[in-house]
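In the two complexes below, chain A is the common chain; its partner is chain B in one and chain C in the other.
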Partner chain A sequence: MNLPEWLKVSVPALTPERGVKEPGFIKKNLEEIASLMRWMMDTEESAGRRGLLQTFDPRARILGILFLVVATAVTGNTIGFVSIMIIILLLSYLSSVGITDMVGRVLPSFVFTGVMVLPALLSIVTPGTHILTIMIGTKEIGITYEGLRTAGTLLVRVTMMVSLVALLLLTTRQADLFTGLRGLPVPAFLVTALFMAFRYIFILLRMAEDVNLARRSRTIDHGLLRDTQGWFASRIAFFVERSMKMAEDISMAMCSRGFTGEIKGMDMDGMKRRDYLWLGGTSFVFFIILGLY
Partner chain B sequence: MTREIYRLEGVSYSYGRYPALRDVDLVVEEGESIAILGANGSGKSTLLKLLDGLIFPTEGTLLAFGRPVTEENLSGGFLAEFRKRIGFVFHEPDVQLFCPTVFDELSFGPLQLDLPVEEVKKRVSDLMGMLGLHSLRDRPPYTLSSGEKKKVALASVLTVNPDVLLMDEPTNGLDPRTQVWLFELIEALRGFNKTFIIATHDLSLVEDLTDRVVLLDEAHRVVADGDTVDILRDKDLLLRTNIIHEHPHRHGDVVHIHSHGPYAGHDEHE
Partner chain C sequence: MHIPDGYLGPKTCGIFYLSMVPVWYLASVRIKKTLGFRYLPFLALASAFTFIIMMFNFPIPGGATGHMVGGTVVSIVLGPWAGVVAMSLTLSLQALLFGDGGITSLGANSFNMAFLMSFTGYYTYLLITSRSASPLRQTIACAIAGYLSVNITALAVAFELGIQPMIAHASDGTPLYAPYPLSITIPAMMIPHLLFLGPVEAFGTALVVSYIRKREDLVFHRHKEDLHLAPLYRVLIFLVLLTPLGLLAQGVPWGEWDIEGLKSLTGYVPSGMERLNSLWSGIMPDYTIPGLHSDTGSAIGYVISALVGSVTVIGLVYLWGKVWHQR
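Right after this comes the complex of A and B.
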């Protein structure tokens, strides 16, 4: 093979270092999103610990947590909130769920909800008794007691509901979660679609990381922002195409094994006494809260 | 007397305006072990998808077990019969493993085909024992290694006990030990009158496990169909269809050009 002359020349010795550049926004964002998602969804370790919730049948676990979530959604008084908060803390302790695991999963929704409810504090959204007044020109805007109460209630409610769901996810292996859903009157196709979305997002995420790494291995500068944005847009198009191809292949793989539109599964074993006790307890809390409401 | 499994007459398939297969004639009989050989993009995977009734010819006729394989035919009672008899191991195990656990994966096929639950459990348990998958029973398939995924993908097809196994690049990405395991499994199954149609460019697999080769060229046509040994000995044909290649090779101080492929011994250059 005849190589061109330039290909035969080695790169000269390294030049002295001229400072280290910050990584680009795509690299930072992709890596952080990927690692955050992996951490949030990796619940195998906590689900494998010995604890109270882990001993229940997945169906009972899902249903019981659902009762508590609905109870949180309907409660409007302090006693209700405090009672459910105590239940959450007790369940976390008895199920060996660490505070870091819980806080890490609840914090993003807490911050997001906090930002969303901020306008509700202001008198222009929730009129009422001012506890703090700000003058903007000739206009008076204040933070009202009613606004604070409304925003606070929503924030606490959402945080508690997310805590309950985090508790369920942290004490249930992914496979058990989907098996449990299948055992409940949830359409089988919906469970499979949920599972697949969950499963294939990781494959696409890995692909996105590889694509970014491949680009980094061939570039020495971030380049113009416009070029980077152009490249990013072209990769999004590439991923749409790859996702569609993958969806088509998965559909073929399912058809090849006899799938005709309705997924047939095995009946699960019956629930045990402890599962019924747990369901009785959580439904009792639900009805008490409903009564208080 | 052997039974005819497939008959293809003038079959062509195109992806839009891009042809993938052109004018393919092929007859496959029960118990045969056939390699579909061809360079990348020659149409091997497309041919397997046609044989599995996942896509349908744009021209020509495809018969399976004496019945036409058409979209209309595969929507009735023939579909279950067809799926019970034919299994397809995809090239990419990640595509094929879509259930929450290994157990669910192995039981998916037989359950969809309405086999009794007790029979399904027995088959899954037997196969797990045979392939050493018991320890993976409750693992989500995406947490497995490449070799384990390939084993589970194959097991998920075997639980249906198909008569015909279509395999797309089965040795791709496998370490040597898992490749040997796969060779032994295919060899064992061949003893029970199973029909194998394997798309590959792994010539060691072709040489060891198949009796017949169907060779596709880069124009998506069948250019040869015959005995494995005869085709693998035809160096010019293999070079022309981009199955083997010639390049300089070093042996100590000696550098010479020879082809890489079966029966391409060094002595022919000495």
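Right after this comes the complex of A and C.
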């Protein structure tokens, strides 16, 4: 294999003249890769527990949760929100989903949305009946009832929708998720491509971890910004190269095993009575909320 | 840039899903035609490296870091259609497995980051390099494409969020979804993108593509072949951009008037239409049971309508399962 020219350029050795300090982006990359790996392992561990949702067929589980997600998206009244909230809590409890796992997945969206909606509380954004008034100079700014309602509605809706998706992830093994999608009216090639992409992400993540670790172990100083940016770009080019080579190898392997471009899925068992009951229940909630919309 | 669940109303989400279905279909047909049986691993790997690009931190002055969206890099290297599918697959995985972005907003996110970004970035790059493709021109083209595409995408996101208070609100006018109007969402999205995130995307795109270009065998998408199709794509982009404008329309859609609406518009109702109007109004019109007009009756009507809906869903799923089983 011919080495590219940029790989042959020798970079002068860095010396710890300004003290040992590793570049922040390497540390962040490694932290993010580790966090992603941990996230996926935690999800698999939780999905392996015994519980109500875990007993349903993956197709029914996905479809049922989707009914509830769309119901949450549609609802605009307190009864709807409270009903779905109770359903989420019940499902979490009956499916042995730990509160820590759930909070870990919901908290980032909750905090982000919470901060994002703060200005909507104020009368300058959402005029209405003042609940609390603050004087800034000669100007009167207040928290309005309408602002509180707007912010509250969005925060509750987002938290509940994220909770439902988290519930699906925490009760479904990754392989089952793709099996479930295959059983739904999603084009087979899309599901297969998704599944393959998911697998390759982990291979590329391991590679990304290796290149970042290698860089970190050789780094004793920040170095020039130009060099670190060059390193970033060269690594992305490396990933593109590896990905395309891997795609070529895999397509040849698939061809040698008789793949002609047509995707054939494995036969799946039919759904059981409890799956239909679950679908009936969730779709009932969905239609009730749609009626109230 | 990822819009989470709950920020967009159901109508907006539905419109974007519907807008993206033909794009996904067209993209998959074109990719299958171009790559033959190799399309599957190619798309999967393209999606995986798109995920990695989005995850890597890009070093910027002052010791800070930023993330690239990477849509322009992917579309320049792989072509716009492959870019659309690779990016959509990445966004789907992020929404389904990593909780990043929403499931209901996946159509909108794909429209913004997969479709809009890929095509804007690709055709900007193509237009600038069409006459001369010197390395310097290519680098400048990548930077401009990266900057422009990320800003247009940000503008689309700002627009989608900003119209929510107008189109999805309670009876008293309280917004039910994203609460800020266009006068707030546009500056809130555009100022950081024009001043900070745009330059990061521009510089990152130029740098990454310049490194990729050093390996001639990697740039396998032949840009010149697409030149004659450019006007068609631009028209397509323009038409798709206009699609969400329908959300702003008030009142009844043209041609979907009821009898009273038609009478107020034309002054009369054609006799045939009047006769046919009462022919079929659904088993339970407006979620009510004929004859039950009290509050309790309406409530019962809602519950029974929901039950009928549920039973229909179960029946359809059962039938689908049977059909699927036989295939």
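Definition applied: the second predicted complex is superposed on the first by the 204 of 293 C-alpha atoms of A that agree within 3 Å, B and C clash if a C-alpha of one lies under 4 Å from a C-alpha of the other, contacts with A are read in each partner's own complex, and residues count from 1 in each chain.
We take it that a contact is a pair of C-beta atoms (placed from the backbone, for glycine too) under 8 Å apart; a residue touches a chain by one contact, two chains touch by 3 or more.
Keep in mind it's a predicted model, so treat the numbers as computed, not measured.
Once the two complexes are overlaid on the shared chain, A:Ala237 sits against chain C while remaining clear of chain B. By the document's definition of touching, both partners, chain B and chain C, reach A:Ile250. Legend: residue contacts after superposition of the two complexes on their common chain; A:Phe259 is shown touching both chain B and chain C.
Once the two complexes are overlaid on the shared chain, A:Ser96 sits clear of chain B and of chain C alike.
In the superposition on chain A, A:Met196 makes contact with both chain B and chain C.
Of the two partner chains placed around the shared chain by superposition, chain B and chain C are both touched by A:Gln174. In the superposition on chain A, contact of A:Ser83 is made with neither chain B nor chain C.
Partner contacting the larger number of chain A residues, of chain B and chain C: C.
In the superposed model, A:Thr55 makes contact with neither chain B nor chain C. Taken together, the two complexes place residues 174, 192, 196, 199, 203, 246, 250, 254-255, 259-260, 263, 267 of chain A in contact with chain B and also with chain C. Contacts from chain C toward chain A in the complex involve residues 4-7, 9-10, 13, 24, 28, 32, 36-49, 51-53, 55-61, 63-65, 73, 77, 85, 89-90, 92-93, 95-99, 102-104, 170, 172, 174-180, 184, 203-204, 207-208, 210-212, 214-215, 218, 220, 287, 302-303, 305-307, 309-311, 313-314, 317-318, 320-322, 324-325.
Within the complex, the chain A residues that touch chain C are 4-6, 23-25, 28-29, 32-33, 36, 39-40, 43, 59-60, 63, 66, 69-70, 72-74, 76, 105, 109, 112-113, 117, 119-120, 125-126, 146, 149-151, 153-154, 157-158, 160-162, 165-166, 169, 174, 177, 183, 185, 187, 189-190, 192-194, 196-201, 203-205, 208, 222, 225, 228-230, 232-237, 239-241, 243-244, 246-248, 250-251, 254-255, 259-261, 263, 267-268, 270-271, 276, 279-281, 283-284, 286-288, 290-292. Residue ranges on chain B touching chain A, taken from their complex, read 49, 52, 54, 79-80, 83-84, 87-88, 90, 92, 94-96, 98-101, 104, 107-109, 111-114, 117, 120-121, 138-140, 142, 156-157, 160.
Within the complex formed with chain B, the chain A residues making contact are 173-175, 178-179, 192, 195-196, 199, 202-203, 246, 249-250, 252-260, 263-267.
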